[in-house]
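You will see two complexes here that share chain A, one where it goes with chain B and one where it goes with chain C.
The block that comes next holds the complex of A and B.
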């Protein structure tokens, strides 16, 4: 057990991918598995900022939404090929991250959460009102993903299993990227900023620039999640930009375990499965998820995966 | 539509009436933050609960004034329970945890109201003695909105008198400066925090009752209000009561004037205002520089 844990820790990307490869077999239906995959990636992007850098943003739906919308707009209005549309979506999310991040890192602590929430709402209202491009309240409809020809293989998004594994390929690249960042000297600086930003500044690191860079990286990953979600849903609902969705990322991250590599996926799985099961019995699933979340904040702030990791590490 | 000076003046008063509600919300938020350094993410939910409880009492008794007095007490009581059992265990664990907890609480409160009053929301009505309009000299203005401005002025004045002129207010002010010293002086600071949280949420509930006749009452009404009251607090400066009042009125006026000139941009305008303030003066109008680090 101990050795297995050490192995998982050393090869974290491989371990997560191995799990995600068999994951659809464990789920009752594929739509839920795809949703967990996408929101897991969204939470991974958010976790980079919240878990590793210690900045609690309540505006990350803006990046998911911008990624979705720009991908969708490029496909529907521009008629771009799907991969170029995705690049557009991710790049736009990065630019949004740069602008919002630039404004938000001027504030600290608790102000940061309020400011990111409010700045995220700017994006929400802007897209809400730009009806000609975004479809306004009804969302952007009519996104079609053609068959993807990869050498001898033909990938069709109509088949949910194919869709899952195509999305997983992108998630794999993103996870490798995040793992690489965290293992780099820059990753150490990020955590130094979280632990004590004054000391990090005293060591000669530019704290503001570090925060901004992480903010943009985090926005890019959330944008990728958004771009993939647009392809998955074929529509972009306006709720993708709302701060309640940012709140869901926060909840998933904490439920799973902030600052852990696998935590965001655990959190997304717990959150969405809870929602899925609860809606069978009651319309009021938000109360159940909200209450479970409060219990975690009060008693298990390290989240499910985080608590498990801590316990295993204590055993050693 | 031609824009005449009288139309402009009317829109200005409308903005002040809207801003009055924002100011009340921001005062509650600021009071709690100044004292406990907790950002209450359930503030919008408490506002919404206030609107529902107010309408419930109105239906029960048929008397608006009765519900105006009773509702803040009920919502404040929910606030007391929240502080005592949910927020208090989190002190000393970092500023993010109370924020996260109150966010979860807002979900529970929204669903609780859906269970009790249905998802449709309930229609609200203006109390009979406040229906109709008054001639302000430049046009007719709804009586109820004038009452809203007046009521806010009274509440702000009462709060100011409480904080500045009473012994307990002195303790509250001392506690927000330095809780540690207060403890040394033999003051039960935990109880003061409890009371302040109750007052803050009570004011949120009160603003809910007051705002109910001017907007649709549904379980989701607090969601956007929360974001708007954050804008007001950021513009005014966190933890400052004069800042909350001034910024509240300013945000109301900006919203209402933008909806006159460019209705599509009305919601956006107040967030843009916040972004501009952040660029020029990140701590807000009255915020102290070091307070948030």
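The block that comes next holds the complex of A and C.
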């Protein structure tokens, strides 16, 4: 068991992918599996900033939403090919990350959280008001990507299983990217900044620049999740920018284990599955998810995956 | 090196005010390269403020700071480290949840890589080795994998020094390096400081005068934000003003 655990830790990207490959077979229906994939990626991007750098943003829905909207706008209004539209969505999320990050990293602690929340709301209202481009309250409709052309192959993007694996391909690349960042020298710097930013500065690291770079990387990952979500849903609901989603990213990270590689995915899976099951019984599903969340925050502050990791490491 | 010609660091008319409180009042002095010097003075004399200004924690309210003849007033904290000024803190200030080895490794990494995103750091073996070397040097080789927060106070102080050294400083600033240490640990630290001073310029900020008398070549006495006296340990010992300040304070 411990050897298996060590193996999983060493090849973390491969382990996640292996799991995600068989994952749709385990789920009751594919829409939920795709949702977990997308929100798992969103939470991974958020975790880069929250878990690894120690910056609690309450505005990350902005990057998911901007990624979705710009992908959608490029498809619907621009008539761009799907892949170019995705590039536009991800790039726009990166630019949004640069602007919001630039303003937010000047503050610390609760002020940082409040600034990101406020800026996230500004983005929400900007898209809400730009009805001509975004469809306002009704969301952006008319996104149609029925087929994905890959050279000679044509993939049926309406078939949920195919769709799942196409999205998984993108998630795989993103996870590999995040894993490489965490294992890189820069990954060491961001953890140093989280542990003690004064000391990191005294060690010769430009703390502001480091934080800004992580902020942008995090926004890019969340933007990719958003871009994929636009293709998946065929619509961009205005809720994509709502601060409730920002809050969900925080909950998923805490539930699974902030600052761990698998944690956000575990958190997203548990959160969405709970939501899915609970809504069958009651429309107040948040009460159930909330109760589970509180149990974890109170008794297992390292989250599900984080607690497991700690237990296994203690045994060693 | 023409150590006599250019001082390692030069302080010119530096003042530091916090609101109406004047912590440093127009102080000027020079530190020669390659020396072991100490700033001493009673509590509240402005030692820590002086240390913070010289180490780049904050810019002085007025006055200038020169490092090897170059004006460095107003440079950011991380730039001080990059030009070769490293410090160890008075209150232990390490990366608590990282291992002792990683603490030193990340400090050493500053010279090699800061924004590299895709190379695995495990492959940067020189840094790993250098961190082990430095840990051995401060007597922590056997605790390399221990989380910094789990180290004893004295060991964390030693870790501080290893991290400061990892930045390959030309000038090492140490704020009360033996604060809270046992007499045995103090002895080990003092020996280490003398050893380090043989290779680079070192400035200590110390509250306990006796401790530095034996090892420093030059002492500066700070009192009420001004330099009261400076000279060799013997000169300081004989100085009537210094005796009055220290005896008066008990």
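In the analysis below, the second predicted complex is superposed on the first by the 313 of 316 C-alpha atoms of A that agree within 3 Å, B and C clash if a C-alpha of one lies under 4 Å from a C-alpha of the other, contacts with A are read in each partner's own complex, and residues count from 1 in each chain.
We take it that a contact is a pair of C-beta atoms (placed from the backbone, for glycine too) under 8 Å apart; a residue touches a chain by one contact, two chains touch by 3 or more.
Quick caveat: nothing in here was measured; it's all calculated off a predicted structure.
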Residue contacts on chain A - larger count, chain B or chain C: B
Which of chain B and chain C A:298 touches, first, second, both or neither: first
Touched partner set for A:126, first chain B, second chain C, both or neither: first
Contacts of A:109 with chain B and chain C, given as first, second, both or neither: first
First (chain B), second (chain C), both or neither touched by A:7: neither
Contacts of A:204 with chain B and chain C, given as first, second, both or neither: second
Touching partner for A:286 - first (chain B), second (chain C), both, neither: first
Chain B and chain C footprints on chain A, overlapping residues: none
Contact footprint of chain C on chain A as seen in their complex: 180-181, 183-189, 191-192, 195-196, 198-207, 210, 213
Of chain A, residues touching chain B in the complex: 56, 103, 106-111, 113-115, 117-119, 121-122, 125-126, 128-129, 243-244, 247, 250-251, 254, 283-284, 286-287, 289-291, 293-294, 297-298, 301
Residues of chain B that touch chain A when the two form their complex: 33, 37, 39, 86, 89-90, 93, 95-97, 99-101, 103-108, 110-112, 114-115, 119, 223, 227, 230-231, 233-234, 238, 264-265, 267-268, 271-272, 274-275, 278-279, 282, 292-293
Interface residues, chain C side, partner chain A - complex: 55, 57, 76-78, 80-82, 86-87, 89, 93-98, 102, 105-107, 109-122, 124, 163, 166-167
